[in-house]
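Below: the structure, in structure tokens.
Order of writing sets the labels: A, B, C, D and E. Residues in every chain begin at 1.
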Amino acid sequence: MEAPAKALAKEQPKLIVSIGPHVHDVESTAKIMWTVSAALLPAVIMSVIYFGMPAIMVILVCLLTSLAAEAGMQWLLKKPITLTDGSAFLTGLLLALNLPANAPLYIPFIGSVVAIMIAKQLFGGLGYNIFNPALVGRAFVLISFAKIMTTFVAPATTFMALDAKTTATPLVLLKEEGISKLLEIYHTKALLYRDLFLGNRAGSLGETSVIALLLGAAFLLAKRYITWHIPIPFIATVGILTWIFGGKDGLMTGDPILHMMSGGLILGAFFMATDYVTGPSVRSAQVVFGICAGILTTLIRLKGGYPEGVMFAILLMNCFAPLLDRGMRSRVFGKAEAKGVKK
Amino acid sequence: MSNNVSLGTLFKNGVFGENPVFRLALSLCPAVAVTSGVKNGFLMGAAVLFVMTMTNVTVSLLRNFINPKVRIPSYVFITATWVTVIDQVMSAYQRAVYKEMGLYIMLIVAFAIILSRAEMFASKNKLLPSFVDGVGMGVGFLLALMLLGVFREFLGKGSLWGAQILPGKPLLIAIMPTGGFFAMGLVMGWLNWIDRKFFGGTGGGGGGHH
Amino acid sequence: MWQHVLTIFIASALINNFVFTRYLGLCIFFGVTKRMETAIGMSFTFTAVMLVEAVLNWVIYTYVMVPYHLGFLKIVIFIGTVAAFVQAADTIMKKVAPALYYKLGIYLALIVTNCIILAVPLLNADENYSLFESMALAVGSGLGFSLALIIMASIREKLELADVPKSFQGLPISFVLTGLIALAFLGFSGMITL
Amino acid sequence: MKDILKITLPLVVIFVVAGIIMGVTYQHTYPVRFQAEKKEKEEALKEMAPSATDPIKPAGTWTVANKAYEYYEATSNGKPVDYIAETAGKGYSSYIKMLVSLGPDMKISDVKVLDMNETPGLGDQILEKSFLDQFKGKSLSQIVLVKGETKENIQAVSGATYSSRGVTNGVKDAVQLLVDKYGAGIKMAAQEVAK
Amino acid sequence: MEATTIKAEATFSGGVHPAGEKELTAHKPSIRAAIPKRVIIPLSQHIGAPTKPLVVVGQEVKKGEKIGETTGFVSAPVHASVSGKVVALGNFPHSLGMDVPSVVIESNGKDEWVAGLKETADYNLLNPDELKKMVQDAGIVGMGGATFPTHVKLSPPKEKPIDVVILNGAECEPYLTSDHRLMLEKPTEIIEGLKILMKILGVKKGYIGIEANKPDAIESMKKAAAGSPDIHVWPVKVKYPQGAEKMLIKAIAGRTVPAGGLPMDVGVVVQNVGTAEAIYNAVRYGRPLIERYVTVTGRGVKEPKNFIVRIGTPFAQLVEEAGGLTDSAAKVIAGGPMMGMSQYTLDVPVIKGTSGITVLPKSEVSTKSYGPCIRCGRCIDVCPMKLQPSLIGIFIEKGHYLDAKDYNLMDCFECGSCTFVCPANRPIVQWVKKAKKELAKKKN
């Protein structure tokens, strides 16, 4: 858009000519992406505290592979290489936080490659992908290596290695054995909630520590990088529905708090359902998006064959995002009135 | 098309130039559905090959005999007949496979590829060209299915034609529904790329017809 | 009984979605779903025809083919009824509801050589479904197919604008896309056991 | 009139010829198919009761998940060697059809999966010998699915818990049935021995 | 601040908050710029038909003498702003881009008014048509930037009765303070002008909308309006583009101008405060529009100031009077940074619509190129017209003009809010302008 300034009078300085506006807001794509990554730092730290070295390895492999895949694919397609915009970095990070710490390293590798190359670049790169790359990556490896991906280990006692003993995630236990089993392990609800809140439980790297995630989320909300329109309805819907239908003994006997804090809900709702690119951008559509995602999550958790539904819920809603945006675009200023006027 | 093209070209055309799956993008359903293994792909391809050839031949033979007004129904009926035959045979002699893909065998009757060849080619040509065209198209279809089959079975099961080659199952997803679509998309794109790279093709994937 | 009917309905619409898990109707699916209006028109026509076909063929199958051991003729007979019905619908619509005809008539033409229409009665015959079960399967599959068409149409609109690598433009990317949708639909797997 | 004939006559001919073709094929393939089905079933049963010498014959039918299934007695020269039951269990995405055979001691001698449609790579791990062989020699009370190590009971295939449960339930039902039907007689025999 | 706290400030939904930067000049009383040695007076300074020259090279003219005659109804005459000699007739650079036919007058320094300017002390005895005639002859056009001939606005068709006149003192553009100073220095003139407007349109309600960040202006206008019960001063929320007439009408009159419609569709006429003042001068003293308030500002000039400037004065002179350009000066904008147009030369003259000259230093000029839309939805949030700028932008970028049109491209009034907030730095307004041109081409 810049045109070389042609100075007429000699004493005049070279003037830059461009079409307005000539001032710009401070935000930039790079800043947003990197800041969101920064907001995930608490969760990263917690995951390292709980799962130690293996966690670090998974995260590193994801980040490096993602960046390499992005650069490589852009090079192949002869596009400018845009690693500084931070979106590939963020994708890698989020994928890592979605994997179990005990995953052998080829899983984060394959996951990242699929996420960036197939889910993102094949569709035209940043801004054009239909599905959440990180989640596509995760779903892909989940299906391909379901056995590994559905066996979790308890937080490690030593830094360098994980204890071999595998334990089921709270949700699996809840689904398989019921709340009683959970209480057997955690003794009291208070303790159960506390451990969920702090993240002392089996699960994917990033999903375990509710408090860490909420910290990051609060930061992003404050900076207006994400808004309430998707996450809050999402989480609330899950809470309400699980409270109504989640109980083994009749309606209204479910445990909403447990459901809201377990699984990938907090991570998914605040950091993944909020992905600009793959969600609707009309605010009202975002609320619907959130509610539907909540319904699907609950449906899968309670009725589906799989203990955790957040990932599939978000992916399913990604399909509908364009439709929602299309159907719910707000009425243009004065369009209604325009009908009255004859031209 | 007319008879003055040599039979050889006619055959090659069916296999490559106008490959029913990758070029004409006709009859995609079975191409994705039954290619989780090489063997299934082959048998499906064989079935289609049989029906295509027989239908082409029959139609060509009867071309002066059938009144244009009722030709489409007649072609459909003829196809249906041959499909019934192959369906019966398979269900008797290939029971295991038939369990998996019987539905698609029966659905051969609905493949536009067959009807369109009958309508576009066989009804206008003599016996021999029609036969060759049928075989060409059929083989093209068969090869396409086997290519996908190899791709998917190897990745998904680590085996080829049931024979285990790799110790484990590298990428299970390859043999699941989603894998089918991925494989199809990636192979198509790959072929387009080769075409553009080495044969100066224009390479946007075909239109999409049954 | 009714619960089973409902189960079949939901299952065939979501879990065993024709396009995403049964690979049926792909030609249409990839062929013509770009404009929303088209997608909706097709959805409507197909669902309607599927229902009619299901009923029609169920009657024939249960009261003619089974008693007289003509099961082996089902391919010929089913495709026959499809062709006949489409022909009839075409002429009748042209006379009775020309307006509707101009909206949906074009799609009727595509139906004869489309596998989903035929698949419904075949599946019903395989499973020996009762009349209502057959109808549930038909409507469920129809709606499932419609869902697929509409999702695809809305996404294609977005895809139009993306600079997809040359070799992948058109069908290849559509296939990958469908693969991803199917991946998402796996979320429904295991929800219902038939 | 004339051209109507011109149009229809060929069609009629085609129909007739086609009819004949299809008819003939049917005639030839039908018996093959019939034999094959019969043979498959017999062989399956035979495998379940290798020691049976007499042909294995149906002893009655029972229903699981409101579908009818048969059960059989396998005898060798009149003496029962095995009791076999067709059964099914609700798996992850399908009903898993099985044959279960029970020795006179009311302990499982074999389990065979006839038909299932579970997720390839996940659910279909229940076909693996290592899983099915766990059932051999177990008695009704032991048929309980547990996740994690076990010798006493049945260990779920991880990643396929639902399918494993399907198999276990199906087997349990079958054993229950056979015990109810034949268990009593056996107990008496046992008591006699005790005296 | 009592003024602002009277009532919750009225506003519209959407909009952005660029840094005001008005403190650079807000407190500085405006001074008369020196009489320029030569003025370049474009023959078209308004929307509509250009005027045809009434003078020839070498001819002597006096201040206020008509030098360009209208050629149609939607047009306004042009007058000499100094007395002196016509030295050139020809095409000269114009702040709206292309070169246009202009009259160049060399001042003889005498600065004497043309004879026969009719003063009217008791102008409120005149009837609407006479008043409207005076406005037309004085060559008054919208001074808020639109430069739409005012007498045309004042002649609404029968079927669209007007019942409200709104004076636009919002001045939501960053940097600019000319309207602000005008309201402080000429409040009574503005109110009188408003009364004349109301009389011409036979209207009982007169409103003045002023952004709440100008409490002193609000005060001074209130004082001036004290005597007149029909006139109300509304503080409006500080937000861009509060000054856009559709938004202002929404905020003050609570009426929504139909998409593709005009203020008169809802019985409203909006005029800039400067326009009102000009009208008063025209009616009271018979003076044509030959000078206006101009803010020269930005960190690219040494001493930002407000000036009262003769139409036709070259930018260069004003910049000099403002202490000259700083070394870092990089961009000269006619108007404010949001809607103004950047200039490639300082030779362009001030015209009737020039409310300010903003000079930005290199450090404030972004040269970053744009990236793909990440669908963050910010533009949708801020678009005062409730459009989907993101999609419109993408469609145009890919040449799908018709789709852009489906997404209401035509309702965009190019306020630039979307472009201002876009983190991907996408030049949406430019695309919009381009697409509108293309579509126009397609039509004919």
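Following the convention adopted for this analysis, a residue touches a chain if its C-beta (ideal position, glycine included) is under 8 Å from a C-beta of that chain, and two chains touch if they have at least 3 such contacts.
Computed from a predicted model, the values in this text were never measured in an experiment.
Q: For the pairs A-B and C-D, output the one whose chains share more C-beta pairs in contact.
A: Output for the comparison: C-D.
Q: Would you identify the chain whose C-alpha centroid lies closest to the centroid of all protein C-alpha atoms displayed?
A: A
Q: Averaging each chain's C-alpha atoms to get its centre, pick out the one most distant from subunit C.
A: The chain farthest from subunit C, judged by C-alpha centres, is E.
Q: Quick check: how many Å separate the C-alpha centres of subunit B and subunit E?
A: 70
Q: Could you state the distance in Å from the CA-based centre of subunit A to that of subunit D?
A: Taking the mean C-alpha position of each chain, the two centres sit 46 Å apart.
Q: Compute the distance, rounded to whole Å, between the mean C-alpha positions of subunit C and subunit E.
A: That gives a centre separation of 61 Å.
Q: Subunit A to subunit E: how many Å between their CA centres?
A: The answer is 47 Å.
Q: For subunit C, what residues touch not just one other chain but two or more?
A: 72-73, 76, 161, 165, 168, 173, 176-177, 180, 183, 186, 189-190
Q: Spell out, as numbers or ranges, the residues of subunit E touching 2 or more other chains.
A: Correct list: empty.
Q: In subunit D, what residues contact two or more other chains?
A: 18, 22, 26, 30, 92-93, 119, 121-122, 162
Q: Please list, in label order, each pair of chains that touches.
A: In this structure, the chains touch in these pairs: A-B, A-C, A-D, A-E, B-C, B-D, C-D, C-E.
Q: Which positions of subunit C touch subunit D when the two form their complex?
A: 15, 72-73, 76, 189-190, 193-194
Q: Can you name the residues of subunit C that touch subunit E in the complex?
A: Against subunit E, subunit C makes touches at 160-161.
Q: Would you pull the subunit E residues touching subunit A in the complex into a rising list?
A: 16, 18-19, 93, 174, 246, 256-261, 265-266, 316, 325, 329-333, 337-347, 358, 360, 364-368, 371-378, 380-381, 384-388, 390, 407-408, 411, 416, 419-425, 427, 429-430, 433
Q: Enumerate the contact residues on subunit D facing subunit C in the complex.
A: Touch residues, subunit D against subunit C: 18, 22, 26, 30, 90-95, 119, 162.
Q: Give every residue of subunit B touching subunit A within the complex, in rising order.
A: Per the stated touch rule, the residues are 171-173, 176, 178, 182.
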